[in-house]
């Protein structure tokens, strides 16, 4: 590249592009599409600053990866496979390419997986594939391999996806910045200074353990304050209910007033790659806008709730008495609120984010400390702080329901239901 | 209100809501709609962080107003009319309520004015009107009066709209924060400390002049680095071309593959209030997505350019030789690029933002300094810095055109056209 | 006060003075003296930014206290005794008044206690006493009572000295700011929002527990990264050795080339209040400068080491073999390095800072959570994170010695000594 | 160097040391001495955060220089003389080595120049000289040449001393950080991106002019808000009066109760290099402490004023009526306040700082813009903003005097004096 190009970025100040291939990938239409998908899905309904896109996060992951590799090269670490640089950068940039609108809700409702779509875009008939193929005919497959974690060098994969990867480092900082939740900030430069390649792994100098503790504490704070926030979850549940209702109506051959092909094919479960690339948050939002005017009262009502942010309320509980639940559903039915569309019981185990728990998930490489005698130890064996975080399963059981249910309740007759709903935080 | 409520905000840390009316206004569907309209229109195509909404800016203007009033009350300034507090706060919160998607482009193409729509929403059959009417039957009119600058107390209007108003203070800080352009930051607390009410005006203590110089310099930097950025302008022009093409096709009774009522009524120039409230950036973006597949090649091509960020290039010029221009149009026609849809000459005077120029615009109250002898002086008479900014008309003349025009040009034959296009920054 | 006055402060932006008494206290010579005493003693030799004074910290503690009280008043909490406002503010401002230069080293060497000196200054014939007496004849005693924790209202004392007090809140933020160690930052506004007065205590709303976890994690990071840093400790030990040597020489009637009264009286253990007020870091530093030229080789050498930052090295150990230690002392004696002046074994229990450990120290009020049923719980019963921090005794045992000892060591003969010294971090 | 070393720095996050020579220079006693000299002299009496040392500033200048050179090397600019790297770094690190305590006051009172002392230390019998000589026997002379601006390559000198040099870039950021005056912040990375070597100069890409405007505006704000602050100036004047009084007493063979050699030699104007190296702010402060107890009432009184921050008041004036002045001196004499020690008339031209004024000072290289046609233009020809700053001579004439003068004045009889003193800001 003749001269390095930069993007102004609020998190990293500047993002430096030094390779033509990276520049060209950013300018493909598939990558530009990420501008139309929010990084945090429905979180903007809880934190109004959280309106940032997957486009900016993807640039950020690329930049963090570039900084790590640049430090490895500057220090001339022998365990760093220099020839993998471009592959790492491309995989970092593209790893979220397959994300669709409100991924968590859609994936749950229709069984899609964004990782699969990322690979389909990289390997399919796309501008991204065309650019990658210029490097070599095998290059797209290698990039897909890193994204899907089948590439044969752990060190390459773990830069992009591990317990201490460029993906998390960018999203923690970025989500903290845009939500304004500054206790999610950690000292990126300090972490970068203590990681290094070692025998096929990315490891952490043991004397730098505090820096990683700080990073994991930020993660812990972000998970409980932002990612698991029940209001965000409430909006996700509402979206999910809308999709379920639409599917149900479709199966009953309901005539939709507003419908476009990509959404129809999503409901029919026969999305093509071209359909998928048309699916962005604008299309979904527009669908909600016009379905608000549908004649099906339930669909219309659910969509209005989402648009106007009249979300479901929630209560926490430890154990759920099935009889109380049945009585609650009875009341709802009497009020014309079909439980299938208006009630949700949510266990935190179904959540898509994690806090640090080594060993639970086999594809997440744990964090290894390297001491001065060249011994590797998993961090929970050394850090009480990390151990305490790893052991915490603070996720609460929640029940979500419309606010008017509480208002309409005869509290004398339904004292048990009232007790369930009254236990708000 | 029983207990103050807060919103986490990245710019002001927290936004404090202390009145039920404010809380209820925020929860109306008309106010929630502002979440679906970006504060900076097409700027996100230049600065990828600029994805923040008018919702967050509106909360910010409210918060700055609240801080100013709270300082006035704490200092018990006699010239402050305490009874206007709630009116100021409501007007601050709602002043941008009528903004539509990509306002600058739409207003230019269809002759709408967001200030008018703000008043229509405040006065019409809306949730906002219902909430305001609870204060008193005249209250909605008073709020509309402040927004449209017809209210009879200058001091109330100037808190929301003047050369040193809560609107500008919030947007400069917010836009700087989200773009990452930190030279747009100024010290808000320092400015707040030097303003005070005085005989029906908001004035600045003369000894605090430096604080205002700092604010005006930030504004100057933001205008030239962000608001007037030619890439942003290029995207606005493209949108405008799309609307013009659609209007033209409509007049020729073209059968659109994708059309929804609010857009049809916009083109027909017969938007109702209910239509307008449905118009948000999602709908516009969705329109662009599906018009990309229209059979009209020009409309389809223009929409694809916007979506995939293949914007027009631009060149600067001092004077434009009409003969050269004619020859350029000739080449374009030969290449099948109709100049009406693919060429734009842009003079900076048509821009919607201003830098500080007292006296030029009659509805912008100038900045007055108050000295210890109770004399008022307009700031340009005291500050050489401000005088130098006020005198600058740095806006350049630009010509916008498709990149392939340059590539397709026979440079020997069209050396004059080449010279025009070659003078890039 | 006619108009509030401000100090520009890098940590809190502005410090607001709203009472004449506070303004006059700041302008006393005893308070101005705090400008000549560094907040972090010898830490500037580890973190070069840590040059800030106790003067700025004292203003900061005042400001945090003012913010807390102002929030209590704004919310009209009934459990807040409004009449104690000025007492709290004065005690907050003056609580560190008795600190001398390099307090930790001096207090250890000469058995002085800064709390006692604070009270002597408040109660003695000083400008501070004169200003306080203007409030009422008993006021100086009340202020001293709060500082020495004998005042009869826990809530007043705990604002200034408890596990979650204005003192700690300011110093964590300030020390993080000036050292540049930004992982010591926590969100002050967030903490302030969750504390409230309750039945004579300052408590924390249970739903705000995360905010306090964040604050305690910052504290944890600051303790291990800054306050317990072994290089800082090494400089403290060196100072202590210098004082011990000087005391020894004085007892042997050595004729000092440079001596001034306050230092002489310090060594003689007969400091008057007037002497003490003359003792600042400049005098101590000047003493070191001129003692560098003393004819006593040990005193001169130790002072040069401090001035030129040739500090003792350190090694960590788990257990200390007394035989190895004896052999090490033997080598030192042979090299002319008297162990009494050149060797120190340091156990972390003797350190002056603490991390959060409820119950260990009887004068530190623990952090209490208040739930919605008005029940109080000590935080370690609810937070695994805090429990994990409280249980950690990571302080290591260190041995400090001159670098040349290692160089001069015959490693074959003294392999055991070498092994002890080799175990550096 | 085996592995790069870092210093934690609040302004640049980390300072990276990559050469043994730099590391060894930092560890010399002459460089460590800079820890005992404040960067901003008496400014800490105006801004309590301004307690940072010349040590930290010197590291910062080194780091900015390192970043600039690293960018030049990364971009492989041909006009950059690579072989000058180490010379630039050493000169940057050492350029302030000769600063003494409260330089401005001392230099004015005794006619010393810190640049001369810097060169004497570099060339004399010092640890610094010893380290530099290891590079080559001529190296100390080359370093001194760059510091004294006699080296034969402008590009090397101008990195360290020019209108856009590493020295200013660090001190503006650092002084803004430590005072808390955040309007002195500018975007360092943005400026670094637009400078480049060109035909023996450091120039700025014309398209980056806004970045330099931003830097110059920060400078303008810092000069008027911080560097020229009249309270700081008042403290400098007081110090100067103290030195003059001491000189006068010495000439009259007064027997000082407290005196040490370096101060005596300073007064006698026969400082040796060894004396000078002992002179730091601690020694000066200690002198003030003990001179507060001198029997000469004037010396004692002046010293107490400084220590206890009872500074002279000031008034501004346009023109000074000599008769009024004479009457004022008459009153002062009657009150026992000798004008020579208690009165100062101050014209801003005598100040040691400048704002940007090309051509006025021949040793300050101006800022040159380089356009795409390789033409160089001095920035004031292109920027109205910079022109407006350059033309401003806002320095006011001040008269400084003790506060009690005003209180003791019979306002009826001395209405003219009162009028002079009454014109405060």
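Order of writing sets the labels: A, B, C and D. Residues in every chain begin at 1.
Operating definition for what follows: contacts are C-beta pairs under 8 Å (C-beta built on N, C-alpha and C of every residue); 3 or more make two chains touch, one makes a residue touch a chain.
All values derive from a computational prediction rather than experimental measurement.
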Measuring between Cα centroids, what's the chain most distant from chain B?
C
Report which of C-D and B-D is connected by more C-beta pairs in contact.
C-D
How far is the middle of chain B from the middle of chain C, if each middle is the mean of its Cα atoms, in Å?
52
Just the number, please: Cα centre separation of chain B and chain D in whole Å.
44
Where the centres are mean C-alpha positions, what is the separation of chain C from chain D, in Å?
32
Listed in rising order, chain D residues that touch 2 or more other chains are 13
Chain C residues within the chain D interface of the complex:
7-11, 13, 27-29, 32, 35-36, 44-45, 47-49, 51-53, 55-56, 59, 177-181, 258, 260, 278, 280-286, 289-290, 304, 307-309
Within the complex, which stretch of chain B touches chain D?
182-183, 185-187, 190, 207, 210, 213-214, 217, 220-221, 224-225, 384-385, 387-389, 391-392, 425
Considering only the defined contacts, which chain A positions touch chain D in the complex?
3-4, 6, 13-14, 75, 189, 193
